[in-house]
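Chains: A, B, C and D, in written order; residue numbering restarts at 1 for each.
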Amino acid sequence: MGKKVALGICIIIILPLLIWLVYLKPGPSSVSYPPYDLTAISTPFDTAGSVTLNWFCLEGDNDSAATFPNYNILRSQAPEGPFEGIGSVGFEYPRATDISRQYRDTAVVAGFSYYYKISCDLQGETIESNIFGPISPVMAAEAAKVEVPVDKSDIMVFPPTQLRVFDTPNDAGGSITLEWKVSASDAAKSLLFNGYDIYRSTSAEGPFEKVGETTGGVSDVDRQVKTLRDGKDIINGQEYYYYVAAKWDGQEANSEIAGPAVSRQQWFHTGRGVSLVLLGILIGSILYFINRAKAGKELFIRKIAGLEAVDEAVGRATEMGRAIFYVPGIQDMNNMQTIAGLTILGRVAKLTAEYETKLEVPVSRSLVMVAAREIVKEAYLNAGRPDYYNDDIVYYLTDDQFGYAAGVDGLVIRKKPATVFYQGAFFAESLILAETGNSIGAIQIAGTAMPAQLPFFVAACDYTLIGEELFAASAYLSREPKLLGSLKGQDLGGKLIFLSLALIFVIIATIGAFSQNAVISDTIQRMFNVN
Amino acid sequence: MDKFWERLLTIDRRVIFVVIFLALSVPIFLQIGLPIPVTREVQVLYDSLEDLPRDSKILVSCDFDPGSEPELQPMAEAAFKYFVENDLRFIVIGLWPQGPIQGNRAIEDIDESDDEYIVKDGDTLYFGADLVVVGNDTAWYGIDFINLGFQVGQELVIQRMGTSFEATFPSDRRFGRPQKEFPIMDGIYRLADFDFVFNLSAGYPGTVEWVQFAVDRFHVPVGAANTAVQAPLAYPYLDTGQLSGILGGMKGGAEFEKLVGHQARATMFMTSQTMAHIFVMLFIIVGNIAFFATMKKSDRRGIRE
Amino acid sequence: MSSEFGIWLAAFFTIGIASFLYKDNPLYKFCESVFVGISAGYWAVALFWENLITKMFDGLGISYSLGLWPEKGALQDIFSGVWNWNILHVLAAILGIMMLMRLFPKIGWIARWPLSVIVGSTAGLWMITYFQSNFLSQLQKTVIPLFDIGRINELSEIGAVMAEQGRSIPLDNYFAAYLGNLVLIFGTLAGLVYFYFSKEHKGIFGRTAKVGIYFLMITFGASFGYTVMSRMSLLIGRLYFLFSTWLGFVN
Amino acid sequence: MRREIPLILTGIVGITFFVQFFVPHSPMRELSETFSDWYSIISAFAIWLGGLNLMKISFEKVYKKDKDWFFAVTTIVSFFLILIVGLFFSGGRQYLEQGSGYDWLYRNIYSPLSATMFALLAFFVASASYRAFRARNAQATVLLLAAFIVMAGRTPFGDWITVFLPEGWRLSNLSNVIMNYFNVAGQRAIMIGIALGIVSTSLRIILGIERSHLGGE
């Protein structure tokens, strides 16, 4: 039955997931990465007037620069052409390591408009850029004060390009996302680059006001794109227009105006669909099994090694005629581990009552003392030995962590118990306790879900209930429907799903990797993206 | 022979205390330069910091107390030095009440100006506390760094920052003024406006919470400086890319100091740390030999699968 | 040797606490009781300034009315007809005071009201974040190819660079390329199988669980090593304080 | 009153945070912000409660002339010392500033006490290493071996004792492999288990199936 249910659940989840996959929308990756992304400006500080072109280099340029063909620069006076070649540059200009290339066209006349494009013959294929223009060179009023360096990117600022503005997806409104291709001056990592200013207006004509600034650098290396969320006093439903200015050594270069963008609230976070589906299944199966357990259905739980040892350990204490110590951790009753630990105490107490072995439970919280007394009393009653019970079995030492450890230490050394249990939430005192128990040769059975203390218990105790085993043991012993059902629900709705999804998708991913198909593993990874 | 092992096993533990005290004390006096190979996780953190453009804003969350000071304080100092030298701006907060004060102490300790008056722009005098000098670089309070104090609420604080930073940390700690009066806070409306979060963590709340909320909900990269106890728990997050690097314990601190080029306390303590490890291993070996040599006789049922 | 009174005081408390190592003694108890008092007081002060003042007095606008704070708060907004969610902080304060009722056993039950807000918030938040960060994200990086083809291809490049320097390719790189993904996938799944309680550990399932427990043991070993490292560092820090800051033997 | 209202409150707050994750639209955001602030404020009171409770217990001890009453007095004195200094003599909002009385107490009393308290653990680790950590079975042996590799590999010592191996194949590299792969795999299994446990506990709390946090009765 369990298998069928599990299988059913698996199929139920995988189907919507696959449907989800089909409808999977790409992220807000609006800025394309065409070859080149050509921009041109009238060269600053050039009293003669000239145009400087900038474009991003083609793939392979940086890697195999020496064998890479030159870029041809084509110019026209009308957007439709005809374009004529006016020169060419190689990979080394201005610097081989840059991600962009530049060319300065000096054979121009101030006041005329020009259109440019770049082409390159790569392995028999001609790759052309976008057409940029119109651009008219302006004669600068004064020359640059400093000597014009060889690195042309260091004397002028290029504008950011391809600015896109859109409502930030999946939010409660109040913000608009801007995305632009970084300025060439920024991409060249010029030290004088000062970041970007963001200007905003409610109409395309302006007036624009500065609403923020940001540093240089890219948010997405592959696309050379910078993303920014403007959240300054945005009103939902209002149209906004933006432009971005690149700042470089006192100069600024503005992008084109983009917009309008309207900020809106969304009703559902589309990136969280997979979460909702998987979480829904988990929640559903937990509730289902809790109900089943309540209805009295038998739910199977495997044997837990530490629990089996409990009988043996109690038996040994009886043989030796010594006491059993039970330490329920140093946390209060609101901690699930303490509660689980006390359930196990019930079992131990029942055994000690049957064997007539002395039990001692030193505790560090008054509430735990009250609860532990209840549990021990009930266990003695159930074992038919209520006469054997007295309140002194459970006693309070102190709330203080080290004080409690020192107290238990002293007791253990004096009374030399045959068996010591540590079940509950433990912190740094764990190793002090375990060491002392060990030094008197007691059998020690520990159980905790504190990850940092588990190693010490494993190394110093005979048996350790590791993490979840503690909770499983408590569910097993108490037979409480809510605990049993949760355990079962976690197993089938969580772990089994994880296991089966992992197995299926690992196989698919491996096939994808060996067939050199990047899309497959990419899709798998994106499916489980956390947003 | 058995007698010997038995005596060894029942040795007073104060003897062990003395041995470990000596093993750790002596190397403090010996200044041995040890090789410190840099591990991947530290390199990842350093690279992420290197990739940050100038003037990036880093949220430094000091989530530790004096109990973990020897491990985390050197990391805080090395990081702050690095930030000042590389023109990165940092905002100090704490999810532990002791955090901001530890942050203050780190800033004070890296300051080379000794609180003397500094001459700037020919004639202006500034008191040292508002100005931090590291080598040739300076950082100004309110412009390059700020301390916004502590806020109670564990992970809920991070969640709250996600929608409004100002509502979460409304005032600064040096002047007790509204935070928006300081230029460094321009453009910071919510957690996502930070370029990086540097988390110094000794427990809960700490790295796990920063990953869960800052990274997974608000998509800010987080680099973690952890006590060694915490570090192994954080490694899975490094593998998934949820964490941009881990500095684990004093060793991680020493590696980080090496990378940023300020070898200080963490590096210095590595000799003692090495000795400590050697002795702990020796203790375990000797203890086990003694235990198994004497075991046959005792009634101790030790071996079990 | 330090001439500062504060340093001597710090040294006194350091030694006082350390005297516990000899045995539990009055000096230790004294230092401990000071610690308990100071740390409770420390929290109280920090919370007063950081929380009570900023959230309650500033947020509501009481500080503004008293001229202690330059910014308006919720009260001012409400009186000028603007809705401000911060006004609900008053309810939180009432809940907070209910919390303090715990001090009086008779009406202590009322503390359950604020407690339920605390518990409810954590429950609602944790349910999702743990699922996302600890389940979904981890699943994402478990569904990876069995071998890292990219890294395998890189090996020869690294090898060439290393050979130039007269070194061999480090273990880390080999492992990452050939075994890394296998260990990550299989180790995680085997560990999960160990924590799977709905099926008896028999046959292949049982053997996988057995492997899983050894993975867990290696993990605990790593944790063990790191915890030892951590504890030792703390002691080194204290010793350094004694020898350097206080006694001035080392600088 | 005693049970129903807390259960309803828990449910409302929990469901708000749950729904808000999937629905960004208002008023979910405002509600979750408000509840976050409430959480902060209530936790602050809860911590005050801790302090006041400590005082209550300490005063009772003094009143009853408990055997450790003297130490209760020191606790009371130190609590009020830092409280009075921090609230009235440390410059108000600037109480954290270097040179304030509060800062002085922090540096010279709180800091050494807290740091030394934790430093004691180093001694206990050492003695437990000698007296308690045993390779008593295959599992514990594997644990200790892994611990050895990590402890040695994270210090130069590991490379010294494996100096006969080629560079890049020594203990430090092995410890890298353990940390980055074996440790990650094991931790991941534990993490997933914990995550599932938390989801089910939270679910039970929100739906009111789990009531242990409300105490007995």
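Methods note: a contact is a pair of C-beta atoms (placed from the backbone, for glycine too) under 8 Å apart; a residue touches a chain by one contact, two chains touch by 3 or more.
These numbers come from a predicted model, not from an experiment.
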Third chains touching both chain B and chain A: C, D
Two chains joined by the most C-beta pairs in contact, as defined above: C-D
Innermost chain, where centres are averages of C-alpha coordinates: C
Averaged-CA centre spacing for the pair chain D and chain A, given as whole angstrom: 22
Distance between chain centroids, defined by C-alpha means - chain B, chain D (Å): 16
Chain C and chain D, separation of their C-alpha mean positions in angstrom: 6
Euclidean distance of C-alpha centroids - chain B vs chain C, Å: 12
Residue numbers of chain D (touch at least two other chains): 21, 29, 33, 36-37, 39-40, 43-44, 47, 92-93, 106-107, 110-112, 114-115, 117-118, 120-125, 127, 129, 131-134, 136, 139-140, 143-144, 147-148, 151, 154, 176, 179-180, 183-184, 187-188, 190-196, 199, 201, 203, 213, 215
In chain A, residues with contacts to at least two other chains: 172, 275, 279, 282, 402, 451-452, 455-456, 458-459, 462, 467-468, 494-495, 498, 530
Two or more partner chains touched - positions in chain B: 17, 20-21, 24, 40, 67-70, 98, 149, 151-152, 156, 159, 163, 171, 216, 229, 232-233, 236, 239, 249, 251, 273, 276-277, 280, 304
Graph class of chain-chain contacts, one of line, ring, star, complete, other: complete
Chain A-facing residues of chain B, complex: 51-56, 163, 186-187, 189-190, 192-193, 195, 216, 229-230, 233, 298, 300-301, 304
Touching residues (chain side chain C, partner chain A) in the complex: 20, 24, 32, 36, 127-128, 131-133, 135-137, 139-140, 142-147, 149, 185, 188-189, 192-193, 195-201, 216-217, 220-221, 223-224, 227
Touching residues on chain C, where the partner in the complex is chain B: 21-22, 42-43, 46-47, 49-51, 54, 58-59, 69-71, 121, 125, 129-130, 132-134, 137-138, 140-141, 172, 184, 219, 222-223, 226-230, 232-240, 243-244, 249-250
Chain A to chain C touching residues, read off their complex: 2, 274-275, 278-279, 282, 299-304, 400, 402-403, 406, 451-452, 454-456, 458-459, 466-469, 472, 487-488, 491-492, 494-496, 498-499, 501-503, 505-506, 509-510, 512-514, 516, 521, 524-525, 528-530
In the complex with chain D, residue positions of chain C that touch it: 6-7, 9-11, 13-14, 17-18, 20-21, 29-49, 51-53, 55-56, 59, 85-86, 88-89, 91-93, 95-97, 99-100, 102-103, 109, 112-128, 130-131, 133-135, 138, 142, 167-172, 175-176, 179-180, 183-192, 194-195, 212-229, 231-232, 234-235, 237-238, 241
